[in-house]
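Presented sequentially are two complexes of subunit A, the first with subunit B as partner and the second with subunit C.
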Partner chain A sequence: MQSLGIDVLFKGRNLLRLLGGLWVAVRISLISVALSIVLGLLIGVLMTGKSPVLRGVFRLYLETVRILPQMVLLFIVYFGTTRLFGWNLSAEVSAVFVFTFWGAAEMGDLVRGAILSIPSIQRESAQALGMTPRQVYGYVILPQTVRRLIPLSINLITRMIKTTSLVMMIGMVEVLKVAQQIIEANRRTSPNAAFGLFAVVFLLYFAICWPISRLAGYLEKRWA
Partner chain B sequence: MKFSTWKRITAVALALALTFALAACGKGDSGAAPAGDAGSDAAGFRTLDEIKASGTVNIGVFSDKSPFGYVDENGDYQGYDVYFAQRIGEDLGVEVNYVSTEAANRIEYLQTGKVDIILANFTVTEERAQEVDFALPYMNVALGVVSPDERVITSLDELGADDEVIVISGTTAETYLEKNNPEIKLQKYDAYAEAKTALENGNGAAWANDNTEVIAFAIENPGYTVGIPSLGSADTIAPAVTKGNDTLLNWLNDEIMALGAENFFHTDYEATLLDTYGADYEDTLVVEGGVTAG
Partner chain C sequence: MADILLELRHVHKRYGENVVLRDLDLTVRRGEVVVVIGPSGCGKSTLLRCVNALEDIQGGEVLLDGQPVRQEAKNISQMRQKIGMVFQSYDLFPHKTILENVLLAPLKVQKRQRPEAEAEALALLERVGLADRRDDYPRQLSGGQKQRVAIVRALMTHPEILLLDEITAALDPEMVHEVLEVVLDLAKNGSTMLIVTHEMAFARAIAHRVVFLENGEIVEESRDPKAFFTRPATERAQRFLRTFEY
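== the complex of A and B ==
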């Protein structure tokens, strides 16, 4: 343990600081993921709609999100809005906005794909039974869509959690940044601390992502 | 028809949700940072009086560049830059709010007025001076050359035809030597650790890098001496403010000159850099009162 420099974790408030950083990452990703799921479901439904204008708008939105790296989006929202409009968004609001903007677009596309994968006979049969369009969606299409969505959205969610490390570029100190701070502060006394600390950060990310993946597995089985 | 009505409702709901989200962002922030709003009408920076009135000065520092700006195990900012920042806060009579910056976003922070001063080991260059305003310098940076004790290189002329100099690719040392001493054979490595191993194995006669790096290396590794502590064009490190923020810039310049009278930056060096660079290089690295030796 000594050689890996794990001991620096127990100096002063280092462990608490690392967990505090983890909380920042988790807070941003949980809020963004929750917003993305809600907005993504709406966007996905709209993307399968008949209006070519609406479809075109969402297509443009999705392509924009795909083309722009998240880092650029963060800079645009945090620094760009100040330059252009004089808005002073806090780093956290900017981060949540960017991750939701990204998550909702990708989630929307996943929802669109999942809805289209439901055989049209399902809708036709429901309509033949006399269900209203709302009932068709609520009782037939969406439940099946959500089930197909679970494995797809888990990839997106875990990716969003890991990408939160970019918020260090707009001055937020999250778990990875705290780890770098601890490593640098102890560079001379424990030069190998990087190995140990990054291993701990790995375990922390794992501890967040694994339960999500387990929950998904459970839901998939239960709703199958 | 009914089906599309439902979709229309969804579209309206979505639009409302987005509008609401944006409105909420705007509201939350204008309330949280009234001081920032006051400055934004004056081209995106806060004047000296606005900073004093707000009771807080926002200073951008590195949080992971020991020993210049880093965070200690208690979560407090420390280092050569931070020691100075603390003093600025005291003399302005305000609290210091440290903002963790990265090398890549320092200029952006100043141009948007999100920090008042950058004190993040910021080397003065011509390109940067067009984007931000630099105050008087408080530290020197130059290149340095370290070599084994058995054969200390004190001048580049001592290098023989067969001697190779170790450099790390992409550093100022590489660019400088290629431009000014093209006759010297260079041995290029991608990473610090590789260059270090190469010197220890005797692959090269000397190693050229930023002088702070080679000085720290010689102190950590007995058997090596920095024969050339200052090579090439000496650059300086200075505080920077938003372009055009003259009140703050003038105050900083006066402050740096006044601090020279009490040898403040030597005290700063002794408190923060002595462990890493030793007493021998104090006068090489420190700039006192904004006056550079050269």
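== the complex of A and C ==
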């Protein structure tokens, strides 16, 4: 074990600190994912709507988000807008904002695709039963959309969780940053800690993402 | 004229340059079964879809009980509840069980009480022989079973008229019979129906009136289906019926 440098993990409160860092990453992604799903559903519905103006606006939004690296977005929001508008955004709020801004766009596009993949006859048979447009969406289109979304959005959610590692660039101490700090602090006594700790970080990410992807598999089968 | 339930007046429908229904007039009386036949692409299905305003029309009007059925009207969802429709591809809601499928409209659209609506749903499912499948999902049913459920679903809003759009066209031959039995049963009980079908024997057995449609126009209309199917008056109907012989 000595050679792998994992023993560093059990020195002092290192393990707890690492888990605390993991919680920061998970918290940011949980909040962002939840907001992204809600906003994404709304955006997806609007993107399939009749208004060409709205469709154009959301198209532009989506392309913008896709072109900009998330890190640039983080910098713009955390360093740029705080300066420009003089408001006081914490790093966490900035991070949630950026991840939601990104997630809602991607989710919106997934929702749009999922809605369009539902045969129009489903909508028509709901209309023929006398449903209002809102009821058609609420009882027929969206429940089926959500089922089709699961496998697609899981991919996005795990990508978002992994990308939270960027928030250390705006000074947040999340799991990867904690690992770095521990490695730095133990550079003399355990020079191999970099391998051991990053391996542990890898396993932690795996421990978070794997159950989510299992859950997706399960839901997919159940709702197929 | 009091017993006229559905009236189409000068209905004109086109997709771009392509005229599908040309100045079409048609009335259906209460309790009457009208069967529309014609070559594919003649506008039969479009005709049905115009009745409950799934398609917009470019001219004329559709009246149910003297009230206009218009796509943009505020009361369109109320009007559609009076017009039941069954489609070729059944189109049950795949994420809901059989019972949920047939209860959705009465509970959510008509806000009826669950015990009462459920009792009716089960009675109707029983009548089509599917009460024991109430908790299954549509994918577990055969095509013929799904189509019988779709009929029950359409009946649950207590429509004044049923539109049946080639409801056996997607079924395996051995399942056609079980579905048509249900429809014959409805006709016997006095349901008003407007039916589009390719099953000539069925049309002959069930129709009070046959309408032969070609190129968006009614070419021939007959109150005597037996006579129509043996000796149609127009040459075009003769030619069409001959295509069913071998």
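To be clear about the criterion, the second predicted complex is superposed on the first by the 224 of 224 C-alpha atoms of A that agree within 3 Å, B and C clash if a C-alpha of one lies under 4 Å from a C-alpha of the other, contacts with A are read in each partner's own complex, and residues count from 1 in each chain.
Keep in mind that, in the parts below, a contact is a pair of C-beta atoms (placed from the backbone, for glycine too) under 8 Å apart; a residue touches a chain by one contact, two chains touch by 3 or more.
Because the structure is predicted, anything quoted here is derived from the model rather than measured.
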Partner chain in contact with A:F75 - subunit B first, subunit C second, else both or neither: first
First (subunit B), second (subunit C), both or neither touched by A:I37: neither
Touching partner for A:L156 - first (subunit B), second (subunit C), both, neither: neither
Partner chain in contact with A:M168 - subunit B first, subunit C second, else both or neither: first
Partner contacting more residues of subunit A (subunit B vs subunit C): B
Partner chain(s) touched by A:T132 [first = subunit B, second = subunit C, both, neither]: both
Contacts of A:L54 with subunit B and subunit C, given as first, second, both or neither: first
First, second, both or neither for A:Q144, with subunit B first and subunit C second: second
Footprint overlap on subunit A, where subunit B in one structure and subunit C in the other make contact: 132
Of subunit A, residues touching subunit C in the complex: 119, 121-122, 124-132, 135, 139-140, 143-144, 147, 223
Parts of subunit A lying in touch with subunit B, wherever the complex brings them together: 8, 11-14, 17, 35, 38-39, 42-43, 45-46, 49-51, 54, 75, 79, 82-83, 86-90, 93, 97, 100, 132-134, 137, 168-173, 177, 180-185, 187-188
Touch list for subunit C against partner subunit A, complex: 52, 54, 77-81, 83-85, 87, 89, 91, 93-95, 104-105, 108-110, 150, 153-154, 157
Residues on subunit B engaged by subunit A in the complex (per definition of touch): 2-4, 6-7, 10-11, 13-14, 17-18, 21, 25-26, 28-30, 32-33, 36-37, 40-41, 44, 60, 63-66, 70-75, 78, 99-102, 104-105, 108-109, 111-114, 220, 275-276
